[in-house]
Every structure is written in structure tokens, then in C-alpha cells.
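A, B, C and D are the chain letters, set down in written order, and residue numbers restart from 1 in every chain.
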């Protein structure tokens, strides 16, 4: 979550005529977000603690370049009240909400209490950070399994574990707490009742520093793998006008309670019976913000900057004219054909789809290194159209045009998804994708005869390992190493049929 | 006009789940529109007459691959009634209007007469193809100079000449007629009174084979170089609701008179006093169709195919919800820094802009050859946003991201235009750009000291002519050859300061 | 250039011989199981190749072989699964197949070993978790692909491992 | 690698000496007209280089020199005009400048000569149309950049010409 969002924010700055400053760790010296910036300052070595999580070094960088605004992006310090406070102490304008709002919503247990007070329905769960599994056992007994253990400081599926029975509770607690510690520097977790087959529906809210607050429609984010969103769309196929009205006013009420004055997202769980529960509020720009931008015709990244500069919202609820539909696919450097194992490396080829309805928000270019040190998101493919069917038609075309070599990605997952009848019918929920992936092999299709001809022709004429293909061999060797880890080497003929 | 529109149409086909067949001349065997097609058939050698203009060879190609639909794109046979007729004779569905409509609108003199009959105002001009300059002299005398000589079969500024006085009439006639012959295989021309400082405003019309006809807003196309559109936008900054109503109903009336049943464009000249005159109707998809698609939320290329398949329009006038603004820049392989001289060659590098509001419709990729044989359009950059100011902000960002090496392009023109106060104020007319270009040097800016440092650093460390830069040298030599043609070689120090 | 090459094309259906012949590297004759076609094979500037078959069918892609004779092939923007073995390597592979042996579980990516769940001498079932490897902030469970006896454990908790490093050795046991 | 190089930087303001020094090809010292800075110069995978100056200013671009010592330089996505001459070539250029001589009007692009407007012995003014060349379906008028005497015409109507082909030679006349 360094490159892609930095590039997005820099584009918003350029559009507004604002100069840009990139910060980078040694792993990112030649990354796209650095080479497109007007200024760039080194923070430190690759480990986040010494670079992207180091508040003093970031403030130093701003001071050195005379920056006036600091945009936290998402991930890292995006939801750190301390960072927001440190910025204002250093007389820098933090592009985000007030520290108090971040604090109130940041501690998930506090925010749940706040929402109950504000009359926004919440999922049954514990209200204080748990120090050991025992504290959760009691709640689990009365609420009943399955329960979900979540990081108090969390987000993005990190430090989250489903627990189905008493036996697994302590191991689940340990694993979740460990991940939370690793990801957020805070190992405290809490528990929630796990609703079965809910949808994840969230509302985009925008507030300014003059008391205006507007809800900019909802997003459907039920397509998740291990609690990590992978496909998002706007609007939600499950939300009609009446439900939308109730969702949006609940979201505005949530924003009001903390005097929210930036772009933020209120997440809800939507039960099959149409009832919904407050999940959490993300006090930052969301990865999936582009689907809202394309359908509602707003520029959330630019709006967020204008708000930080003290401007009033550029629109009221009545000005907004939503039109059509949009779907986003998150491209991760994870090998969808082999259990989504991380796939760091060098992007040897990158060919992005273009044409009507297509928007590419990526943080890489051909030659970019994808380091092991950070989140594996490469970027997003966002497609818009007149209605969901047109979007799916354009999306499958765009996915067929999308070429990334050198690192394995989640493209094979999306290519299979867009052809799936249940996906096309929008008949899914937050656990749907994990079940769907379950049995499936997302491996490459076996060559048809004319495809074998082309391959044989290339090899025959260019020779065994043509210079031009050499750039790919790195990835190929990595791939075969992976294969060996997954199966004994004495089945060579199965090597390329996972 | 082979690659870019073919790619656009293929994308529309993919979106609709239709297989694609490319036709190509020997100059285009490895062009993008061929390598992205499901099927491809060679037409013949590079010269258009033996390839893209050969009706029998195109029909043969359709027969060979069992194609059912034939899309003419634009340019070449796009407005040939004979071709449309030949297709239906061969039991192929021509994706375009009926031959009779093409014929009626194709001969500009006939169409003018038709419009007069239909009560649509037309510019004073001759009503029959002229065989010699003498025929035009008479009209010029009564209408008064300046007059405009235009190809009867014309379009796109080819075979068009402004004549300011009696003396220049015969040479202008000769040149226009020669170009008309070369471009359209028909040397006949006619004359029109030249309105001073008019705007070029055109209306997109869509009709189906069930009698429905809808006008999908207007486009502003006044930014022209030598009568060739280079920048188009939607909506026109010069058109208010009342004028729009009158323009749209005039356009629908024009379409009605010929029973128009496809996508087409009715072009008008808009005088400073708000009066407008029918110019011509283009019976095809227009190069600038994307600005309408982005503002009006329709897919004209796909609609055109559905109409050809006999479907009813997917929308009525009331369904349409225009939103925001869009601007298109046409990228030509012409050297804007040296009098827009054609610049064929090989595209050694291509880096397209991405992100919010950006749409790339291009027919090239890195490595593509830009042959001397055809129209020099490489593609289009289209940018949309909430209003004209947001679009211009995004457009200048996108232009700064756009890198094309190996061939010279019109990018420098656009980068200068978007910063021009008159352009930003939309204070222009059809002759404005030629005057604007007049005095200006669009040459590269002189290096600032830190830019000189970077250049010197690259040269010092990579050596005099690093391998990686070698790919550009071709273009560089071409560039310097060009310089020599424009000035004596004994001012070496001026070599790179045109 | 004069090209003539034979491949063993291995697919789920079994093996087939596939030959490629060309005098000029552009007009190419392909043969497999009786089919014989002559196609136009053009090289693209970026090294891909476009083939146009007699039917007009057009495919663009690229392919290269590793030393083991297997191909890495892309058609359009996606990888496809095609095994074009050199007839000699093919035989070698066959004999290796017959031999059987021990499986080395290797690191798929650089990372840090969080937990080791097995010890030498353990019998593991297919799918059993052997160890937990952390990379890119996610904890990944490395599982046994087939049942066997843990012969050696070559890593320990907290250890950083590189791609391809051997983590655990499992001997396949004779089926009872 | 140890690098030390001197350039003559020619700009509208005049000439300036510019030197580049580096021990490792990464940390680079730049000097011109008294200014001296040490910057971080990193190579990108596609051959571009990114420089970060002490102020934090970041520029990405590429540059190469032709045999005439002039640079083709790109900053970001656009070409910039920078002349970095080798001190020796610089002198040569100067003397050439002094010499003056005849101008060869060359074809800028391959095309077909449509019309020739001048003949040997003609006196032409700067900007006078010499001939009309058709390329890419457009007719382009080739004009004289400076006044002179037409010494030779090396092409004729209908003739196809290649890039760089000499079309007309013009001798600059002594100013009266």
C-alpha cells in the first residue's frame, strides 16, 4: 500500500496543480511513486518500522522539502491518531479526519459502543480488548460459535481468525494476536458473533470542516478471500432504493457522532433478511474508492485534499447524479493458481487493458520490483458501464487484455470469476469466494492444438531459450521451485498441471 | 484510420461476445489490430487501392472466415455506398446506414439540396460538382471571397482549400482536385462561402431499423489545423440549453430525411451571432465519438453493432443522463515542433497516461511501425471529468504522463494548448488554431540546470551512446535530417532550437 | 534459415508427436497426428509471434523452453499449459518417473519460519501442515502433498529462508 | 567505476562548463559556474535514471549523445533541449560556423515529389516554396529557410525520394 495509493494521490495533486513529495524506503528507490514525484526523500531501510512507520522520519522529510500537506494513503499510518496529531504539532496539514475521530473509530471496541449509543445497529461482540483466550470463551459460550477474532487496531483481514469451536479458540487467539502485533504493532484483539452468509456493504461518506456531511452511495464488497476484499462494486446488487436510504442515513449518523470531516467509509454487514449491522468505520480513503468515483462522478482523492485545505464540499447530496455501474478487481502479487502464495519478483512485462470504461490504478510499471517486505497489492483494474451486464462484458475483455509477467497474480481468479454464473447473478456473500475457490483449479488451460503449434513454432525458430524469453525465466524457475514445494518431484509430467 | 478504429470496434465486439476478423495489408501484418483479432486475412500490398480500398478482397476475406458482419470503421470505404451495397449483395450485414442514406449524404452537393428542402439552414454554395475553376469563379463573385473549395466525396480536411482572391482560384482548384483524386478516387469539388470565425459544432444521431431516432448531444470541434480536427469536446462551451434544443431537432430532421438507421453525425457551422448552418452529415462512426460516450454514458460502437443486428435502440432520449465534460486530443505522427511534417517510423517507447478520467484509444503499441502509406493518426487521448476545468486539469496531467518516442507527434501542441488562456476560456473558432500556431515555437523547452545535470549524468555514466538509448537514434537522425531540410547546416548550434 | 524439429507433446489425452518445419522461418509447416497445415508465422517487435492458420485463425503469443525441455508459453495475455518435450529428455523423464524417491519440500518464497509442526520420524498424511512460513505479512501453512515419513527437518522457527531452500524431506512409504 | 567528464553546455545564455564526477556511478558530483552539488543518481530497470538533488528535487529521464556530441534528452515524458558538447567537438563546430557555405535541402520523410517550383540559377527569398512533396496523403510545401541562389535541383516531379535525399542545393549569397 505504498505505490498504488501514492500514485493515485499524486495524480489528484497534479490535477489540482499541487507539487508532490514522495517518501521511500531503500526497497522503493526506483519505484513508480518515487520517479513520478517532484520531490523524493529517503526514510530508511526496507523494514516498515524504520521507514514507512517512522513518524519522525516522515515529518523530517516534510520539513526538508517544505511540504504543507501530508497524505497518509492507506495502510501503515493511515489510521494512526498519533501521526495525525504529530502532523498538526509540526504545523503540517494532515489530509484526513481529526485525531479524535480516528481515535474514536480506530479502537473497534470503542466505536461499537459509540454506535450503539448513536442508535446504529452493531453485531453482538465483546466491548473491551481481550488479554487472553479465556475472556473470549465466555462471550463465545453465550453468543454461540462460530465467532470471529479481530485485531482491535485492525483492518484488511490481517489479524483476523474464524473460530468454530472451543478447542480451536486458544490457537485462533494466539495466531490472530500474533498477526495483529506484526501488522499493527498492537496485539490486542476482540471477538464478534459471526453472521452466516452476510454481505459486506459499505457507505462512502464525505464531510468537510464546515459541518457538511454527505453519503456518496454504497459499495458491495462481499467478494473476499480470507476476509480480504478482492472484488468490489458500486452500486450493491443487493440494495434497493429503500434499503439504500436507510444505509446512507445510518452512515451519516455514524459520521456525525465523531464530527467526521474527511473522506471515510462506514462498513456494514447485511444479513440475508435485509437487516444490517455496523462493522467498523475506516477513517481514510478506501482502496475501492474508484468504483464510487466512476458511478457518482466525483473525485474523492481531490475532494479529500480540498477539504484538508479548508474548502467546503464541492457538492451537496442533491447535486449528485449516480449513473451506471462499476467493478474493481484488486491485483495482488499472489499466485492464484497455487493457493495464493505470495509471489514477489520483478515485473518483466506489463500490458494494461485500455479502451471504453477501463481505468487502471497501479503502482508498478514494466521492470518494477515487487519486494517481499510489503503488502502484495500491485494495483486495481476498475471498469465502468451503463449497467452490471455491460460492465461484466467489458471486464472480461479487459482481463483478457491484461498481461503481467515475472510475478504471479490474481488475474486467473478474476478471469474465472467473471465467467461464473453465481458471480454474474450477484448471488454471493462474504464466505462465498473461499468456498468457491475451494475445489477449483485456477491453473492455466491446457493448450489447444493451434496453441501448441504456435508454442512449438516459437521454440523451434527462436531456439531453445531465446534471448527475448530470458527475462521470463526467473519467474519460470520460481514457479517450478514452487511446484516442487507442493508436490514430490518424481511426477515431472504433472509439473505444469497443478 | 486502420488500427485505432479497428481496435475500438474489436473491443466493442468482445464486450458483446462477438468474434473478430482483421483485414490487413502487407504494411500491417504485425499491427495491433491484427495481433488482437481472432482471425486475420491479408488483403494485399501496402497501397490502399490494392488492400483497404479493394471491395472484392474484403468480401473474399469475410467469406473465407465465415464473417456475418462487416464494420467499415472510418476513412477508406466507410462512406462508400457501393461497398455497403456489395456487402448486402454478398449477404453480409454492413454495420452502417443504408446505401441510399450514404449516397444521399455522400455527395455533399446533393445533401445540401436535401437539407434546404427539409428546412435545415445551409451555407451558401454551389450545388453541382465543378469541372473547372471557371464554374466556381461566378459563385465567388456574387458570394464574395473568401470561399472554400471542398471535395464532393470528401471529409477530414483532405482536398479542401481556402481561396481568398480571384488570382488564387485556379491554383486552389487544381490542388484541391488533385488531393481529392488521391484521397477519394474522385477529383470533383464544389465551393462554399467561407464564414469568418465560425465554430464547428456537430450533433451525434443514432437511428435504428425500427424508425427510432435520437440525438445524443453535440460536440465542439472548432480546434482544427488546416480543416483537420485535432481537439474535440462534449458538450460545446458555446451551446446553451435553448440552442442545444434547436441544434438537436435540426439534426434529427436531417437524419429523418434520409431514413438514417445507424450512428451518424450532422455537422454544423455556428456563427458568432448564434445562427447555424448545415455543413454535412458523416454517415459513419466519428473519430471523436468517445467524448459523447463518456459524457452521455452510452457505447456508440456497440450500439451501432446491435442496430445492424436488427435490435431496437437500447435507449430513448428520456433515458439519457449526460454528466460532466470530456475532451479528446488526436495523436498524429506529425512533428508539431517542425511545422507538423509527417513523421513515420517505429514507436520505440510508448507510455500511456492512466488513472481517473483517462481513456486511451490507440492503434499502436511499443514497437509498432507507423508506415508512410496511411493516415498518420496513432490514436486518441480522451479525458472526462465533472466540468471543463476539472477535465483540463486532468488532461494536462495526462499529457505530462504521455511518452511516445521513435516518431514525433502532436503532443507538444496539446501540452501548449491546455496552458493557453484562450483555450481555457473556450474562446476559439475554426480558424483560431491555425492563427495560434502561426507565430509559436512548439519546440522543446531549454533545459534548466538540474535537467542538464541529469542529462550529463546519464551520458557520463552510460557512456556516449548507451545501448539502451540506441533504439532512439533512428528517430534522432531523422529529426536532424529534418532540421537540415528546414535550415542550412552551417548553424549547428541552432540545430536543436527550431 | 532451415528449421526442422520434433517434439513430444504431452497432454492429459496422452502423448503425440508434433513436428515443425520451415525454410524461411516465416512460412511454417506444422504436423501432429495426421494433421498437416502450413501457417504464416510473423515475429513482432517485442519478440512475440503471430501465427495465422489456413482458416484465418490468428493467435499471438510467445514460448521458451527450460533445460528440462518444458515450455513456458503465453497465448495473448495469459499463460497456457503446454508440454513440448525433446524426445530424448522425454525418455529420461519417464525413467525418473519409474524410480520414485524422496520429496524435498522447498521454500516457495523468501520468508521467515514461524513454527515447525513436524519432527524427523513423524508419519504425515497428505495435506498435513508441516510448518508455517511468514511472508508479505501473511502466515502461510506449508502442507505435505502426499503421505510419507519425515526424513529430515532442515529449518527451525525464526529462521529466514531463501527461495528454493529445502525445509523438510519426506520419504514416500511403500503402500501397505 | 570511476567517472570524470567535462562538457560545454551551450544555451541561449551562452556557454558554460559542466563537469560530472562519481566514484561509484551512484553518488554523483555536478559542477557548473561555481555551483557544486552531490546527488543520488539511480538507474531504473528500463534504462532511465532518477536523480535526487540535495533539496529533495527528483527528476527522471534519459539522455544519449550522437557522434556530433549533441544530446537527445528526455525529462519525464518529454524531450528537452540540452546541448552538452565535448569540448573538442565544440571547437570544431565553432570553426564550421565561421565558414558558412551551401545549404542542402533534404527530404524530411520518404515521399513523392509532386511539383518543383524552382530551377538552377533562381534567386529565392527565405520562405519561398521550392517544391511540393506528398507523403501520408498530405501535400507538404518545402520552403527555403534563408535567401540564396539555387545551385542545383536534384529531383523531378513524380520521383519517389527517401529520407535524407538531397532535393535542392542553395548557395548563400554574400549580403549586398
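We take it that a contact is a pair of C-beta atoms (placed from the backbone, for glycine too) under 8 Å apart; a residue touches a chain by one contact, two chains touch by 3 or more.
Since we're looking at a predicted model, the values are computed, not measured.
**Student:** Please work out which of A-C and A-D is bridged by more C-beta pairs in contact, and write that pair.
**Tutor:** Counting C-beta pairs in contact for A-C and A-D gives the edge to A-C.
**Student:** Return the chain whose centre of C-alpha atoms lies at maximal distance from the corresponding centre of subunit B.
**Tutor:** Chain centre farthest from subunit B's centre: C.
**Student:** Centroid of subunit A to centroid of subunit C, CA atoms only: how many Å?
**Tutor:** Result: the chain centres lie 31 Å from each other.
**Student:** Rounded to a whole Å, what is the gap between the Cα centroids of subunit B and subunit C?
**Tutor:** Centres of subunit B and subunit C (C-alpha means) sit 48 Å apart.
**Student:** Using mean CA coordinates as chain centres, what's the subunit A-subunit B distance in Å?
**Tutor:** Centre-to-centre distance between subunit A and subunit B: 40 Å.
**Student:** Please output the residue numbers of subunit B that touch at least 2 other chains, ranges allowed.
**Tutor:** 36, 351, 365, 400-401
**Student:** In subunit C, which residues are in touch with two or more of the other chains?
**Tutor:** In subunit C, 46, 57 touch at least two other chains.
**Student:** Which residues of subunit D touch subunit A once you look at their complex with the stated criterion?
**Tutor:** Listed in rising order, the residues of subunit D that touch subunit A are 42-46, 48, 50, 52, 55-58, 60.
**Student:** Which residues, counting only subunit A, touch subunit B once they are in their complex?
**Tutor:** 7-8, 11-12, 14-17, 36, 290, 293, 297-299, 301, 314, 321, 323-324, 351-352, 354-362, 365, 385-386, 390, 393-394, 396-397, 400-401
**Student:** State the interface residues of subunit B toward subunit D in the complex, per the touch definition above.
**Tutor:** Interface residues on the subunit B side: 158, 175, 178-179, 182-183, 333, 338, 341-344, 351, 372-376, 400-403, 405, 411-412, 415, 443-447, 449-462, 464-466, 468-470, 472-473, 476-478, 480-482, 484-493, 495-497.
**Student:** Show which residues of subunit C lie in contact with subunit A when the two form their complex.
**Tutor:** Subunit C reaches subunit A through residues 1, 3, 5, 7, 9-12, 18, 20, 22, 25, 28, 30, 32, 35, 37, 39, 41, 46-47, 49, 51, 53, 57, 59, 61-68, 70-84, 93, 96-97, 99-111, 114, 134-140, 142, 145-146, 163-164, 167, 170, 172.
**Student:** Can you name the residues of subunit B that touch subunit C in the complex?
**Tutor:** Residues 21-22, 29-30, 34-42, 61, 64-65, 346, 365-369.
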